[in-house]
Amino acid sequence: MKKKILWINPVGGEEFNEPIKNLLEEIKQEDTEVKVVSLANRWGKKIGPKHVEYHFYEEMVLPYTLAEIKWAEKNGFDAAVIGCFYDPGLETAREIVDDMIVTAPAEAAMAIAMSLGHKFSIIVGRRKWIPQMESNVIKYGLKDRLASFRSVGLGVLDFHRDEKKTAEIIKREARKAVEEDGAEVILLGCTIQFGFYKELQEEIGVPVIDAVIAPFKYAEFLVELKKRFGWKHSKIGGYETPPFEEMDSWNVWEEYEFVEKETWKK
Amino acid sequence: MKKKILWINPVGGEEFNEPIKNLLEEIKQEDTEVKVVSLANRWGKKIGPKHVEYHFYEEMVLPYTLAEIKWAEKNGFDAAVIGCFYDPGLETAREIVDDMIVTAPAEAAMAIAMSLGHKFSIIVGRRKWIPQMESNVIKYGLKDRLASFRSVGLGVLDFHRDEKKTAEIIKREARKAVEEDGAEVILLGCTIQFGFYKELQEEIGVPVIDAVIAPFKYAEFLVELKKRFGWKHSKIGGYETPPFEEMDSWNVWEEYEFVEKETWKK
Amino acid sequence: MKKKILWINPVGGEEFNEPIKNLLEEIKQEDTEVKVVSLANRWGKKIGPKHVEYHFYEEMVLPYTLAEIKWAEKNGFDAAVIGCFYDPGLETAREIVDDMIVTAPAEAAMAIAMSLGHKFSIIVGRRKWIPQMESNVIKYGLKDRLASFRSVGLGVLDFHRDEKKTAEIIKREARKAVEEDGAEVILLGCTIQFGFYKELQEEIGVPVIDAVIAPFKYAEFLVELKKRFGWKHSKIGGYETPPFEEMDSWNVWEEYEFVEKETWKK
Amino acid sequence: MKKKILWINPVGGEEFNEPIKNLLEEIKQEDTEVKVVSLANRWGKKIGPKHVEYHFYEEMVLPYTLAEIKWAEKNGFDAAVIGCFYDPGLETAREIVDDMIVTAPAEAAMAIAMSLGHKFSIIVGRRKWIPQMESNVIKYGLKDRLASFRSVGLGVLDFHRDEKKTAEIIKREARKAVEEDGAEVILLGCTIQFGFYKELQEEIGVPVIDAVIAPFKYAEFLVELKKRFGWKHSKIGGYETPPFEEMDSWNVWEEYEFVEKETWKK
Amino acid sequence: MKKKILWINPVGGEEFNEPIKNLLEEIKQEDTEVKVVSLANRWGKKIGPKHVEYHFYEEMVLPYTLAEIKWAEKNGFDAAVIGCFYDPGLETAREIVDDMIVTAPAEAAMAIAMSLGHKFSIIVGRRKWIPQMESNVIKYGLKDRLASFRSVGLGVLDFHRDEKKTAEIIKREARKAVEEDGAEVILLGCTIQFGFYKELQEEIGVPVIDAVIAPFKYAEFLVELKKRFGWKHSKIGGYETPPFEEMDSWNVWEEYEFVEKETWKK
Amino acid sequence: MKKKILWINPVGGEEFNEPIKNLLEEIKQEDTEVKVVSLANRWGKKIGPKHVEYHFYEEMVLPYTLAEIKWAEKNGFDAAVIGCFYDPGLETAREIVDDMIVTAPAEAAMAIAMSLGHKFSIIVGRRKWIPQMESNVIKYGLKDRLASFRSVGLGVLDFHRDEKKTAEIIKREARKAVEEDGAEVILLGCTIQFGFYKELQEEIGVPVIDAVIAPFKYAEFLVELKKRFGWKHSKIGGYETPPFEEMDSWNVWEEYEFVEKETWKK
């Protein structure tokens, strides 16, 4: 089954596009078509944040991310992945699509981990990240499956600075999660932790869920379900789509650069 | 104690500014200075959404709302209120301020209601609103205090179309909340339900918390606490502020119209 | 990717094997190989229960089901699905496998539904089923995502007696779940409700998750994850496998017909 | 707005009246009138307990505390604060008042802390206190916002014996709460910890909520809400007031010294 | 095993002493010695409240109830039951005893019901009772086992006015609890509902737990456990006993009529 | 009251029958008749597992355990105890009995512990046990009363190898539970920990609940309640019994050695 999936790095920097593209090309199903974008230069201007550790950076990049979502749907993509473990804009994205699947790392990793073990721990970069991520775990309803958060004291951009040392620290905290906190599965709580899961998994001896692979494969999975069985984001309730007519009556197309009328027309 | 408080209607429309200003002038403490803004024409361009029932409309208005927050702090305001019962951007706002208080209707109404009765029900306009608002109740930790949501089947802009009929419907659902769901307190789940609480309260016989008054008075309260005792949003953890240097290195000032360098300088 | 998946109808009756086989052949990925078995005549003797509405019937069929699991792993299957919405023996099965994936309807349906809407309702046959299924929802940690159980008053073997009437009743209860209980997704709480989801989904307008399709596709998904990334049921903690040596020292092979030494040898 | 607020030290000892009075005079709003009482000599007899660390001591002082509540309402007070972090008698007090506001430290501190950070820790004197206080956190519905309890191993009467040492110990535990338990806000879990919050707050760098200031200011806040908007303790449900006629028919006035008929007459 | 158990009707009225005594004599173990007291005339003065539907009435009678507890322990009782479904003073009573068992209806009924069915409903007299009782269910940790509260609209003193009608109403609500709310067990939420359980149980077909029998039998049970195995209320933590020396230093004996020094001496 | 109670060691080994028989004879009520069985040689063949640490071993022994249950009911037993802290088959057993009481260690220990202290910790043998036991605590609804699990690193068959050392380790972990985790009561999480509770209790100073004594005494208690008041496992809902006619129509008697038609006839 042909699947066209967009991976969105919701940041301005482009340096992670290629490694993530390479990873996705390697892991995708044969007939899946992959496109990786970040927001840089996409909208005729430079997009600033190179990471979204802060709520505020999320707000900076979210409108452009959502524009990508609408663009993707208009251009025949079956799914889009918002590539940040905060799952930023996930609910909004599901609200504005008609039919396309949208996934994100945290939800996807949990939808997998729940079958692999009783409890999971999430390895995060910095303490700052925990409240928002914990809110998500609670929102997804899986608080009782969470063994712990463990922070390694690294910002997003630090993970690949000294990869050996990073691997050491992640391993140390993952081991504590397994031995002290009762975790049976480890979740890497940042997409930029890509590359570490395999060795870690072998050493620790429990599944280690990578934050890039998980949402991408989950997207492929959900796309198949949608195409075959019509299962897609429910449009009764919280994901109800804003009416085109209303947006048109407000003429939002003029005012918001990230709302392209074209992508909203049916 | 002098207090300078900004009420932000996070919408483009201006029609609610005056009635809310009038209401706030009436209810404020003597030495509180009130300013009410919506986002219309504030940024040299028209802002579209006249309500934010949809996540997407929130995303449209949020950057401008956050810009108002920073502007307010720079201009000596002690607090800002984000005037929508979804509490949109509340955590982001608290993250980006240094010292200013930020409040919003849902959290404030609950911080009051928890002392007035054992359980509260929230009267919302449409079913669409419930999942997001319920997520907030859960995020705030108060799920066990929630008796029910009750929807009246009215959009934000419908509340004041036929006020008599609106009052009737709200009353009917509020009464059911009290009699069938065990509510001891009623929360009006939309700022545009202003004007209805008083009569409703008298007829139903339980406190009815207005979504404009509650966050404004709570803001006055928190301002006093901050000025007197230094109690303000914690900066260790989830509300840690993004570093100016990083934003400057990305030169976000050029790219994001809603980030005014001026407001970030110390 | 080649996948070999066994569907186990954990009952003695054979009448559902063919329709489920047909359904799975229709929905499987191209290179997936499907085998459907029930327990009838598998072990040189007739297996009685034609449904497992009762805990006790589960206990009757579970040893043979687990034997199938071990047989499947020994014979090169990548996954097995235990085809009953009680998810009977799911944890035991994961404990005894080395490497094979095991899924079951309830868990799989929830791992899908959690991405499709905020809350789901489960349509069950009889009230009797609810406590055990609710325990599972709680065990999986998803209680807060559950809108309601709705019972249609039909035993497992009644669903296909008068399919038109069954469809009517399911529709009625599903509609109530959506309109009164706040469900955004419907889960069919019995594998023998197969055949109804599509029409129901179209009429109700929300995703309706079929209890046969969901775990089968989830199995395909998890198999892919296992083969590509080594993600499989964690063996540290609750799924730790009983040691062959211990079982051998007890010579359980003689006493338990469902434990075939062959399948335990490495 | 004139406010008349009674602070009740629900103990027999008088030694804390003056320091608390001084503190309240310093922090009150300009037009608030403060009265501080303990129960000593109030009822024509000496009242024993100098602290209420034990449930039983609470029971000793509670009738007199409730009598103070009724006396206060009869004598034109707008609010009363029950000055103990167990919030003893808070629900009873709200039941017996017609119109007056009643607050207490734990509830008030949480109603403030919930806006200041994601999670709070409570610094208590002795382990003995924790179960009752944790029950209150759960009763108020805020269990998920609680980071931890931390005990300093000091009884109520020990806090001011060696203030320097006390400050040291509190600081040590507060720091652990912030660094190890994820607290973003600290609550001082005893009114007699007054005097320590300011320095602690400066050193630890997160808001430290004082158990005297919090309920007093919250009382001022609620009084304003009551006077302006009629928001007061709901009388439908758990705070329904016992009927005067019934009490009169039992002639309780003779038997219970703490029930003054005068204060119950309308 | 000889057991000496005191049943305390924590009210002034004596009219229920005899019927409850008769009931207990009928249901007790052969070698159990039963004493039933109310608080009337016990302390040289009339005690007013004839029921304790209000928190405030509880506070009136609680000191005398606690005095009974201490008296009972001093006089060789093995257990005392506080005969009100609010379980008033249960924790305080356990705090002040050295060794005696204390039980109460709600906790005892739940400790039994949890083995008899998955969920229970509690039939209460009036809506007023629900918040406090629900707080207790939550405090005991059994919220997830609670199917519902159902109110029959009768005060404590109304139950035996028209017993036939009372039986009708209780039956109606109990049936709804079973059929609509999913209850598998019914708890009668008031000791004064004694006499109704048997017929109700036969008609409804689920166990109906009587609020007098349950705590009394549970008391006999716990007494046996204490005498044989030393299992009694833990004295490390929340039930730590106030020190005699402290009470003596405050000379509480003079001031609180309900604290008899004699009963505290070791 | 005469009571006939069967203790089932759900294992093949017989070595624990005698010590447990001796213990039960010592602790039983005078007119209770005790029978202790394991599954060895009971069914004309040797039963293998000597412990049931693994789900799979449970499945091996469960059918025979259930056969014992039915046999016991047919043969006039008033109650049966399934002697393993996993409470294996407890719900199934309650489903298949008409009238007999069935208990098991974990549930019984909690029904006792909930009256003895605010929180309890469970001392388990190995980490492997925790997820299943924690699921049970959650299923029983008592998660909030659980202070912690503490593992001593011993398999079931290791406890009595070096009793002095075992006592040491249990004591060490129990003490940590009390001092670090806030436990007020200790539960021994394995029936084979019998013999240790008394000394432990004296040394630690909190009640230590033995996993053999607790369910046996709770069984005696529930038997009395059943005989006197008709309180027994509810047959409406989850414990509804499978219909004899259906089983007969499937002629399960031939196929399942553990289903003896005799025991199902009425």
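Annotations
As written, the chains take the letters A, B, C, D, E and F, and residue 1 is the first residue of each chain.
Operating definition for what follows: a residue touches a chain if its C-beta (ideal position, glycine included) is under 8 Å from a C-beta of that chain, and two chains touch if they have at least 3 such contacts.
Model, not experiment: these values are computed from the prediction.
Both chain C and chain F derive from one sequence, and where they touch, over half of the residue numbers involved are common to the two copies.
Inter-chain spacing, taken between the CA centroids of chain B and chain E, is 46 Å.
With centres defined as mean CA coordinates, chain F is found 29 Å away from chain E. Shared interface positions of chain B, defined as residues touching 2 or more other chains, are 118-119, 127, 130-131, 135, 138, 143-144, 182, 184, 237-238.
The touch graph of the protein chains shown belongs to none of the named shapes. Inter-chain contacts occur between A-B, A-C, A-D, A-F, B-C, B-D, B-E, C-E, C-F, D-E, D-F, E-F.
Contact residues on chain C toward chain A in their complex (touch as defined above): 1, 27, 29, 103, 107-108, 110-112, 114-119, 140-145, 178, 182, 184-185, 197-198, 201-202, 205-207, 209-210, 213, 217-218, 221-222, 224-225, 228-239. Touching chain B in their complex are the following residues of chain C: 118-119, 144, 182, 184.
Of all residues in chain B, only 12, 45-50, 53-60, 62-63, 66, 89, 91-92, 95-96, 127-128, 130-132, 135, 138-139, 237-238, 240-242, 247, 250-252, 254-256, 259 touch chain A in the complex they form.
Listing the residues of chain A that touch chain D in their complex gives 127, 130-131, 134-135, 138, 143.
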